[in-house]
Amino acid sequence: MKDYQSLLEEIYAQLKSSVGLGQVADYIPALAAVSPDKFAIAIETVDGQQFQVGDAQERFSIQSISKVFNLTLGMKLSGDTLWQRVGVEPSGNPFNSLIQLELNKGIPRNPFINAGALVIIDSLLDSLEQPNKEMLNFVRKLRCQDVFYDDLVAASERETAFTNLALANYMKGQNNLRHAVQDVLEVYCYQCAINMSCAGLARSFLYLANGGVVPASGEVMVASNQAKRINALMMTSGFYDEAGEFAYRVGLPGKSGVGGGIVAVVPGELSIAVWSPELNDHGNSVRGIMALEEFTSLTGRSVF
Amino acid sequence: MKDYQSLLEEIYAQLKSSVGLGQVADYIPALAAVSPDKFAIAIETVDGQQFQVGDAQERFSIQSISKVFNLTLGMKLSGDTLWQRVGVEPSGNPFNSLIQLELNKGIPRNPFINAGALVIIDSLLDSLEQPNKEMLNFVRKLRCQDVFYDDLVAASERETAFTNLALANYMKGQNNLRHAVQDVLEVYCYQCAINMSCAGLARSFLYLANGGVVPASGEVMVASNQAKRINALMMTSGFYDEAGEFAYRVGLPGKSGVGGGIVAVVPGELSIAVWSPELNDHGNSVRGIMALEEFTSLTGRSVF
Amino acid sequence: MKDYQSLLEEIYAQLKSSVGLGQVADYIPALAAVSPDKFAIAIETVDGQQFQVGDAQERFSIQSISKVFNLTLGMKLSGDTLWQRVGVEPSGNPFNSLIQLELNKGIPRNPFINAGALVIIDSLLDSLEQPNKEMLNFVRKLRCQDVFYDDLVAASERETAFTNLALANYMKGQNNLRHAVQDVLEVYCYQCAINMSCAGLARSFLYLANGGVVPASGEVMVASNQAKRINALMMTSGFYDEAGEFAYRVGLPGKSGVGGGIVAVVPGELSIAVWSPELNDHGNSVRGIMALEEFTSLTGRSVF
Amino acid sequence: MKDYQSLLEEIYAQLKSSVGLGQVADYIPALAAVSPDKFAIAIETVDGQQFQVGDAQERFSIQSISKVFNLTLGMKLSGDTLWQRVGVEPSGNPFNSLIQLELNKGIPRNPFINAGALVIIDSLLDSLEQPNKEMLNFVRKLRCQDVFYDDLVAASERETAFTNLALANYMKGQNNLRHAVQDVLEVYCYQCAINMSCAGLARSFLYLANGGVVPASGEVMVASNQAKRINALMMTSGFYDEAGEFAYRVGLPGKSGVGGGIVAVVPGELSIAVWSPELNDHGNSVRGIMALEEFTSLTGRSVF
């Protein structure tokens, strides 16, 4: 058995003072107020072991990481029909660009750019009456109880959602949104406002390291080939405009959020989450990437 | 003195049966219901003579032609500060494209593409409490009393305004819209729903043939160099993606609308309006352009 | 009869010290070496009167102004079939952009952006064995004898023609160039290297003020509707990314070159050329536009 | 030890009649003449075992697969300075698009789109006098002797290279190409014209499954972190506009060519090559992807 605990402590000690290398997200007050010193790493293995360092029990805003949960639920509910409305290819453009969306006549390139996430949420509204509530249930089925919506963050997201409204309205005009723009956006803003801890995040992503099955319960969240699809999408499109760089430096499928969280999976073995609020120019946690790079370098766990 | 009456009758007779060459706009029911046979031409000279043929007293939806009134009012109220928020160059793109808007960071290329018109309306909201009412007053000062809003058309515009909402929200996110998107759009939809007759349209545009001054009243609607600016903008950008073709075939500054109206001015002399609902692929009245081309060919009134 | 001579002298005196407001083109040595003080204005009327001030007899590099001669010759030789290969609409993009060319599958938006000029030259090669020699003959038929190629400029153009080679090769790959890229580019570089005087330029453009006919000889260079087409194209696309601004400030169809020359026509009456090497950010002569603006303001000759 | 031989035979039998599902590349005669029936799969493991079925000893045109060899040699010669001139992110655009290249001011998104490959070759010319000869030496160091240039293919590539010439000239104009466009293109066309067998391809890629070291000789072709970089680039950008789909269906880093070849690596274990000339709309071998998908499904070798 690996001694991941001492490994995490080593990485933590090494990077503890690596502060001031990026910028805490400041487009909404609730994110801007987070201390740049926050730092946590958590691992959970498919056989149930847990390893943590730093602020791993403190909840933070997972932001875009929730797009993975939405996608999972959407694939479960809609199956492959989803791919008629959203692509599976990297975008080569910022996450909120309208250019590519217009060139592709309203079909987003993948489910992790904002336009794609809006389409996924639109698909959820086909079958779910209370999607926000269902999403919490979904995460709790992933054995993470400590998950909440931050109403303040959701409200701020709503107030600054102009580009997302532009994307949603454009897609509505191109008949790629079935529900009212306001309804889709309301859920979207709440999904960006999910608070979880680093430990909870590691635990909740275990199903993607385990072929779609929650190890602790045996519950099938999604078929194994769908889990593979999600991992492939995280690898090619999970880091905004920095997917290629992350694939090189870390070499694991993962997803980041502007709250400073990153979660990644080693298929068959474990999931690992980091939290450090300072972001690089691409919107990804500076220290988070450094920590994960150390992890895969020291363990040889990169898929490459 | 020119005998414009017999000239109009000649053109009317020649083009009366030119139906079936285009498509009546059908994106909203109120426009789709208009008979493709409608046809009118009206001239009014700066010295007060009026000439008309066909359905010249029947009101129709002037649609984008109202962008000229909005621009005039905007220039009067805001002066040259307007040009910090909207350009004066042709767009080389469809009237509702988001691509150029994103490349130009939310600054529309000119006031006649939809994004530009939205910015102009936003500027009106700075000073006008009841912009729709003011607009009717404005047109009435142009000596055209027979002007109304069509609530049905305005409501339909609102229901199909997704791309305009995308443009407006994108500009809001880029800080190029000061007022609430919904407020701007509400006025925009009403401006698209102005009903005027062909004769009224010819009369109302006389100020642009007369250096900004309404001939009948002597009232200065806009400074003479501003009138020149508006004429230059109509020449280079007044016909969506067909400005170059119109400049060649007709050779007058003018503006069209998807209701099938076109109005043009011969600076110093007259204004001329046509109405025929069938549109070409660029959204301009097929028979309207033919009639104006005949007019400038027979009279040598093209500026070229 | 107008006393244009005293008018030109007035404008000249007023603007003589307006130096240092722009940058002399420096992408090739032969242009960079021209003194920024050079300044000339020349008028020639359709009835043969000539008016000049400043360095009006000194030859300079007319650069893109020659695109008008090429277009004229191309329209004469190929007629309307030209418009299957090049558009007539403003571009809304820099003169050498590849983006629009790719979006439009290799069809340039108009004959005055570089891609369009390359297509025109390609069409000339269909019928002309010695296009460069023919072009000099053409200009001489316009009653301007003092016209030469500057081999040094042509050679420099060839050495820095990478973006033009990109445009030409892309169009070749899209089957919109019939002749070898090198052959087309060779002629293109020579056309950019035509030297004429300001007085010669004014004289040579008279046919466009006179329905396609050279006033002094009565020779028909191009049909009258083709002359109208060229004037319309100059109005909407003759000034790179500044056509709308020029239409407003000057209000005449015209064409500029990065050598600091601008020529414009008052249809039915005269043509006017200016030369002043300092350029604004759009590549148009700063003082040239100021001089033309003064001319149309003082004479009321703007078409608007 | 795995019995890969019977596995390959099973996949081969299953897909043998899967012909007619795509189109053999026909832009040059030498490729169009290849029989659509050709089919081969070859595996070589890092411990030297070889497994083959079908036409695995027949040489074919590896086309873009050679971009991986070029990149490897370029990284070895230039190190990380390469990344100042070419990116590491997926492009989200066709492999030969000029749009993104202009938006990014001449910096290609990654080394596997054509523009990126041209930059890599330009970098090789800095240090290599005979790059084509060196490339053969390079491949022979990978223990594949059976490698040749097909002069006929190289000549055809040269004749149809207009879009590549457009890309190269544009980058030259943006100062991102140091050597003459013709020199870079000449080498590029030869690199597209490398002929290797499926078995040879599998063998030659083993260094990427082995941390940059050729297993048979122990020679270090590239540092281990550089090998990881190449694998990451193949995963995110190795399949033109279908990288995301390939990542899902196959889940291995790999590279395809329009000759119908695909090669992929299972890091630490083996490399696998397939050859089947019929291509899908994205330019990737239809049956090749099917075969690799079967391989990773049956063996669980997908990295996801």
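By letter and in written order, the chains are A, B, C and D; residue numbering begins at 1 in each of them.
Here, a contact is a pair of C-beta atoms (placed from the backbone, for glycine too) under 8 Å apart; a residue touches a chain by one contact, two chains touch by 3 or more.
A quick note: this is a predicted structure, and the numbers were derived from the prediction, not measured.
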Common contacts of chain C and chain D?
none
Can you report the angle of the rotation that maps chain A onto chain C, using C-alpha atoms only, to the nearest 5 degrees?
180
Which chain's mean C-alpha position is the greatest distance from chain D's?
B
Does the chain B and chain C pair touch with the same residues on each side or with different residues, judged by whether over half of the numbers are shared?
same
For chain B and chain D, let me know how many angstrom lie between their CA-based centres, rounded off.
56
Calculate how many whole Å lie between the centre of chain A and the centre of chain D, each centre taken as the average of the chain's C-alpha atoms.
32
Where in chain A do residues touch two or more of the other chains?
none
Indicate which of the five shapes (line, ring, star, complete, other) describes how the chains touch one another.
ring
Which chains are in touch, pair by pair?
A-B, A-D, B-C, C-D
Partner chain C, residues of chain D touching it in the complex:
97-99, 101-103, 160, 162-163, 165-170, 172-173, 181
Parts of chain D lying in touch with chain A, wherever the complex brings them together
87-93, 100, 109-110, 227-229, 231-233, 235-237, 241-245, 247-248, 251, 253, 267, 302-304
